[in-house]
Amino acid sequence: MTVFLEAVVSVLLVLGSIVMLVGSIGLAKFPDYFTRLHAPAKSSTLGVGCILIASMIFFSVQLGHVNFKEALISMFLLITAPVAAHMLAKAGLHYKVNMKDNTQNQQLAKKAYLHQSPDEK
Amino acid sequence: MGLFDHLVIFPVLIPFFVAVALLFPSLNNSLARQRVLTIAASILMVVVAFVLLFKIKDQGIQVYALGDWSAPFGIILVADAFSVLMVCLSAVLGLAVTLYASAGEDKNGAFFHPLIMFQLMGINGAFLTGDAFNLFVFFEVLLIASYSLMMHGGGKQRIQVNIHYVFLNLIGSSLFLFALGTLYGTLGTLNFADMADRIPLLSSNELLITKSGALLLLAVFGLKAAMLPLHFWLPKAYASTSAPVAALFAIMTKVGIYSIWRVHGVMFGDQAGELANIALPWLWPIALLTIAIGAVSVLASKSLRVLCSNLVIVSVGTLLVTISLNTVQAAAAGIYYLLHSTVACAAMFLLAGVIQQQRGKAEDRFVTTRTMPQAGILGFIFILLAIGLIGMPPLSGFVGKALILQSVTKASQAVWVWPLILGAGLIALIALSRAGTALFWRTNGENNTALQGQPVQYLAIGLLVGILPLMVIFGGAVSDFAQLAAEQLKAGLSLQQLNEVANNG
Amino acid sequence: MDKVRKFIWFPTPYHSILLWLVWQILHDFSRGHMVLGAVFAIVIPWIVAPLSEKEPVAKNPLTVLRYTFRLLFDIVLSNYDVAKRVLQSNRSLRPAFIAVPLAINEPLPLTIFTSSVSLTPGTVSVELSDDRQWLYVHVLHLEDEQQLINLIKRRYEAPLKEIFGC
Amino acid sequence: MELVYAVCVGFMSACGIFLMLRGHTFTLVIGLTLLSYAVNLFLFASGGLTIGAPAVLNGSENYADPLPQALVLTAIVIGFAMTAFAVILAMRGRSDMGNDHVDGTEPFDRLAAEEKS
Amino acid sequence: MLSYAILTACGFICCALALNAWRLIIGPTTPDRIIAVDTMYINSIALIILLGLYQGSASYYEGALLIALLGFVSTSAFCKYLLRGDIIE
Amino acid sequence: MHYFWVPFLPMLGILVPLLTNKFSRSVCTLATAILPALALCFILLDLPAVFAGQSFSRSIEWIPQLGLALSFRLDGLSALFSLLILGIGLLVILYARYYLSKKDHMGRFYCYLIMFMTAMLGIVMSNNMLQLWFFWELTSISSFLLIGFWSHNSDARKGARMALTITGAGGLALLAGIILLGQVVGSYDLDVVLNSGELVKQHPYYLAILGLFLIGAFTKSAQFPFHFWLPHAMAAPTPVSAYLHSATMVKAGIFLLARFYPVLAGTEVWFVVVSLTGLFTLLLGAYSALFKHDLKGLLAYSTISHLGLIVLLLGLNTQLAAIAAVFHIMNHAVFKASLFMAAGIIDHESGSRDMRKLNGLWKYMPITATLAMVASASMAGVPLLNGFLSKEMFFAETLDQSILGAMSWLIPVLATIAGAFAVAYSLRFIHDVFFNGEPKGLTKTPHEPPRYMRVPVEVLVAICLLVGIFPNYTIGPLLSSASLAVLNHPLPEYNLSLWHGFNIPLMMSGLAIVGGLAIYLNRKHLFKFAGKFPDIDAKVEFEGYIQSSVKWAQKVTAKLETGSLQRYAFLLCFFALLLIAPPLLELDTTRGSLPGTPVNGAVIVAAVLLIAGSLATVIWSHYRLIALLMLSLVGLVVSITFAYFSAPDLALTQLSVEIVTVILLLLALYFFPQHTPTDKSRPNHFVRDLAVASFIGCIIGSICFALMTHPLDSISEFFLANAKTGGGGTNVVNVILVDFRGFDTFGEITVLGIAALGIHKLIAGMRLSMRTKDHDGRPWATDKYPVLLSVVSQSLLPLFLLISAYIFMRGHNLPGGGFIAGLITSIALIQQYLAHGVDWMVKRVSVRYHYMIAIGLVTAGLTGLGSWMFGRPFLTSWFEYVSLPWIGKFELTSALLFDLGVYFTVIGATLLILASLGKLTTKERIREGER
């Protein structure tokens, strides 16, 4: 493996893991449920993405042919993560979790919970 | 290899394929066809089992290497006199049970016949296998089938008892795996013969760990065998399930006994070097206590099925005695007794089913109620079975009991065993005579219009009851075979012998 | 549902191609697997056919590609933004709910749209109104509500409308 | 490493067994699941721990012991079947008995009874 | 260089996992815990890929793939449970 | 040799009465009598040889391991008893023909009677001790049936049970004695045993053997303290009393003593125990008999007394006493049987047995009265009757005793007193019943019985007289041959003649008669005196004793069998702990010789996660959903652990199984309370369970550590070496699963299939209430199938399937395989259920999942069977490398087909479970209605 590729892989790895760590820090420190919900989206997309690209490059070099396998994982995550987040959000709404006091438009949350339009009574 | 050479695996494959066939639409939708097929299969299994029995008598131990991989690498089935005797027993029980259930018990829920077949597959597999982990697998086959069968017909009581039975056995299965892991981790093999060969070669620290694992297995088998203090689940479990299932379960405790015999009586038996007979110091008091507590419970029983279940426990204790006596003679006595007690208890469970059916709400409890419509024939069968279970002549119970008493030769052992076995017999006599008078004689005279037993039910019971006098009339042949089984069992098989047998076959 | 489905060799040709490609990715494009992959690419859609609802098909694959790259770019960009928020104090956070009026309501485009919203960090699609006219979104840090709504509609909804032609 | 592994296995077994000694079916099922994790780890470790050498033949010298792995696989499947049965049985118990205590009735609550009287 | 990068990345991921575990344990609500588990699934994908890189072995790939697939199923099942009680209806 | 067939003849006849019952009563009687009569003829044919002093035996091997042989002997003793059994038996059959009423089931009665006759003949003719015991127990059983013949009568039931219990207990003791004796002698053959007297008496086990035999004999022969069952056996029909409880069965115990006389008698212990028991029983019986108002009660106690007399004689250890005993056996049988029959006639024709009601029957039935009077005179020992002769011999023998030393005179005195009481109760029998005024309160007017009902009595009374007057001609040869058999020794001189001159025995007889008269005349005082003692009803006592034992047993059982699973599970764990802990305590070090692997940070984190997860599961086990979440964390870490330690297959499997399990648990949790109620009743159990669990955990951990650090010489090398060449795959784990140990997998999928069937059964008929709100009171969300979830799940399905195909295809060579592939497919389908609901799926998926299980199992099974066609054992695998143009080389293997079976089974089982569960709730929910 060339030094260049090695450097690229290394940077991608460290970058990816930092993104994931940041996501997890967010999950740990954010003040309410809905803000915490934003955190995993980072790790799943960019963080894992970087690491997977790193792995893809690494194994392409090691195996001596192009290796796209890891892209599949990324693809799956890109498809599933937002739906998971959506489901989690729905669950949070349903659960009537506490919201940070300064959350704007809290009445919209109620509308959302009732599946109504914002202007409906 | 011709078809005849595959005979050893037939007791596992026949029920398997029949059970699977029963799941397909044309059979699954017709109870009548299911009955015909299972009864036919049961008869076939009886035939196969007995053919195998005679084959072994003529040609000695049979070995079947699955996947054509020789021991210790592949799984092998070992058909020696003991295992085939047990297979015969299960085949006969299976036939009786399917016959009995065909009278209508199989209507009370789905999949009765396939489950019975799977149960038999598990039981036969457990008897035949020569591999420790495969034993676990077949234990699970027979357990999962028994879980489902036990609650066949439903009802609060059955479900509640089933919960006890299932969860206890789940703990048991986990312990089984711990034990297997331990044994594999020290011995590096799973084949019984190979394990037995390696046990004497262990280093001192490995020895202790192996001992731990082996004794853990004792707890596992003990749970299945319902030995003290692991027997508590049994009375309610057997007493609340349906008659044919209880009858089939009569052999389930024997699977535990059989395994103790194979593992603790032989593998960790006399030839195990420093680990020789490690289970005996435990088995001896447990056996005696099992008989004692079992007998007390027999006296305390308030219904026929509970009584019979407690008699099963007494028989377990008695069998444990024969294991812990650790002689060929005792083993032969035990094997004879095992055959007898299983058949007798199974028949009694079936009989209790008919009695229950004819006594209406009183079921089989010892309370005064109307006369049963078929009190005469039932009473006659009851007396026969009671005689058998107490161990009185002319039925086979006395032979078994006398053989066991004879096999206790050391005075220090006899002092314990004789009074207990004879005392348990006396208690059984008291309890069964009370039971009989309560069920058949103490009636309030009214005539009962409840369902009469069906001929096929009586056929099933008769099949089992008929074995008891046959075991006396042909007692010489049967005990000869038991002797052969005991000799083969106690001699054990080394890996080399096993492979020689396999190559000759 | 009782009517007999007519047998179609390629009920979903795009799926078949995708499956074949995935199979090749998994097996590094060896010859044998080109055949085997083709077999699966044909057979699996047959199996799945009864379980698929009819969905609109993308009219122009190129726009799909463009959309994908735009999305990826947005993901990277907004990740940086969120990371900043994570590392800042919670107190400065100004979360909010917003309601985005929807112009598309076919299930597949709608799903892609809401997923896109969720994928770009900082926003999570929370709920749809029953009439599928509104999408409720939770925003991690909201500065200007209308601007954000417009951005979302412009950047994701409009191209999707174009792709699926609805 | 072995020590850490063993501690984990022991701890999980203890937790599993403790839960299996409780009085409600659902707890038992959870305990059972935990216990089977421990059992699987135990059985797996009986052949020793190996890192970076799966038993997939590729010309190298060193492989993990494949036999315990095969055993654990069987054990996992059987454990799954058993857990599934147990949990449905627990449901059935709940349906028939009206509560989920293993003995079919909630045990007599002395404190509650005292409070009442 | 690469191995240091991998170890560093591993360290970060482990920290991330620990933080997730923290969230899992403190909750405070059940949905919070579900998020925590979901995030742990994703972090473990990264961890497994890193393991594969460290050992130069491709045999971890399927594990990562499966976690990616199954984590989603698990999370949606938990959410459905919270929403409807009955997850298959 | 006819004798060998004698016991078989009645055996053949057991069913005759049942078969002929439908014909007239006389036909039935006649048919029943034929075979015993034939047997009697056989005996008579062999009698001359026996009288000549010969004894015969013949045996056929039966169960050699047991020492049981089919072996019969005919000597004087067995001839004597056979004659009694068959002779009196025939008379009883005739008698019973008239005695039994129309309501009674005659066939059954005769059946039992013949069964008893067979058993009794078996006892007396056995030449093998075990066979003797065999028949001994049969007498207990048939006697139980006969006593309980009138089963509607509570007294009969209790009496029967009591008799069975006592004699059964004795039988068990006898069995022990016989086996012990057999072990001492080395044979069960009586020919050998009877000649081993010296050996036995000097053996340390002699006392035990003697004790056990005596218990057997005394229980059967109603000797004190086991005598109490006999009076209550009188609830039986009178023919039974006459036959079993006077003439034959109670004599079985005596027979036993007589039979084993050469082996066991002659020691001081024998003398003390046997004679004192006999003496006490003699006195007790004679005394008690006097005060019975029930006719049969009087006779029963008189029987006890006479049995005591015989036992006393046998205990005296002199040869002449033994001869007297044999003589009295015969005499008692004859006169007592006739008396019982007479009593039966009285009961039958007057409707009462109460001597306070029966008076002056002489007027109504003079012939019967005469017969009864002669018989009772014999019982009293009046000269010219057989009873007198044996009693004289008895008195004579009591005089010769010196073993009690200075107190030896007591024996003849007590014997005379007993004789006096015998005279007194005989007098009472005659005077109270036939004279003493007019009958009181009888329900019918007494009259003579039918002609033939009296015949048996007449025959027996005639024998009394004949023997009494011409003893030498009638009974001499039989007595001498029987005595010879008992003594196993040439006989001493003895004189059977009626007149021995004026001697002390004669005086004693005279005294007894005079004393008897005196006692009877003063009976009022005696009755008053006896009335002061509480009347102990043995039946009530015995029943009470049994009842209290049962109560006690129930209490003990209730204490042990509490019905608490927690207790049983604790016992299991505790027992396991007890078993596994001790060996480990001896271990000096758990660490083996292998070098450890260094720890790294990731492992520490994983360990912390595992421990924290497990702990959290326990701590939050009350909050079930949270516990589930914790559990899925643990599952995830376990999977990663497997992956880390080079077990990719395991990791994949564990992962997929874990998801399915969690889904299943979630499905189930809906129906459970969300929180576990705390068990407040037993807080100490918490600590107890915690302790046991921790100990087991420690031990498991230690063993695990030890195993990992010890070098292992395992069979695995073979698998690594042969996987490719012999199994055709490079993934050794998979090759083990589908090839080397394919049978395990075969069993494993069977388990899965059965579990699914069982679950299907469980779900059928399940009635569950659906919660309309979650546990915090929130109503459920309204959209069942969120559109995003539906769309994504649906579009993922083909990918899921492709990946499962990928996992499946590579299994043999790389991590993967049918099981994991099956689970992935299942999960993909479950996800569809989750996203679209059951109804949607049911409309689209026409597969019946249990057929799928069947197809899977059958595929695996048939793959296994396929190898039979190639002459190989079940599950032998086959593989071949095939080369096709352009594509290149690839492998075809039967293992793939087997794995396909696994794949289908897994899908079928998993979906059968989950889908039927889902279907159930859906159905129910509709019924409950949406909010």
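Residue numbering begins at 1 within each chain, and the chains themselves are lettered A, B, C, D, E and F in the order written.
By definition in this document, a contact is a pair of C-beta atoms (placed from the backbone, for glycine too) under 8 Å apart; a residue touches a chain by one contact, two chains touch by 3 or more.
This structure is a prediction, so every number in the text was calculated from the model and none was measured.
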Count of steps on the shortest touching-chain route from subunit A to subunit B?
2
Name, by label, each chain that touches both members of the pair subunit A and subunit E.
F
Between B-D and A-C, which chain pair is linked by more C-beta pairs in contact?
A-C
Measuring between mean CA coordinates, which chain is farthest from subunit F?
C
Most remote chain, CA-based centroid, reference being subunit B:
C
Where the CA atoms of subunit C average out and where those of subunit D average out, how many Å apart are those spots?
40
Between subunit B and subunit C, centroid-to-centroid distance (C-alpha), Å:
61
Where the centres are mean C-alpha positions, what is the separation of subunit D from subunit E, in Å?
22
Any idea how many Å lie between the Cα centroids of subunit B and subunit E?
48
Going by the touch rule set out above, which residues of subunit C reach two or more other chains?
22, 26, 111, 114-115, 125, 128, 130
Two or more other chains in contact with one residue: find those residues in subunit A.
23, 25, 37, 39, 63, 69, 72, 76, 79-83, 86-87, 90, 92, 94-95, 115
Can you list the subunit D residues in contact with two or more other chains?
13, 16-17, 20, 25, 42, 45-47, 51-52, 54, 56, 67, 71, 74, 78, 81-82, 85, 89-90, 92, 102-103
The chain pairs that touch are A-C, A-E, A-F, B-D, B-F, C-F, D-E, D-F, E-F
Sort out for me which residues of subunit D touch subunit E in the complex.
51-52, 54, 56
Within the complex, which stretch of subunit F touches subunit E?
601-602, 605, 608-609, 612-613, 616, 625-626, 629-630, 632-633, 636, 639-640, 643-644, 648, 651-652, 655-656, 659, 662-663, 666-667, 669-670, 770-771, 774, 780-781, 784, 789, 793, 796, 800, 803, 807, 814-816, 824, 827, 830-831, 833-835, 837-838, 914-915, 917-918, 921-922, 925
Where on subunit A is subunit F touching in the complex?
76, 79-80, 82-83, 86-87, 90, 94-96, 115
Parts of subunit C lying in touch with subunit A, wherever the complex brings them together
22, 25-26, 28, 75-76, 79, 82-83, 85-87, 90, 93-99, 111, 114-119, 121-122, 124-131, 133-134, 136, 138, 140, 142, 145
Flag every residue of subunit F that touches subunit C in the complex, lowest number first.
783, 787-788, 790-792, 794-795, 797-799, 801-803, 805-806, 809, 832, 841, 843-845, 886-888, 890
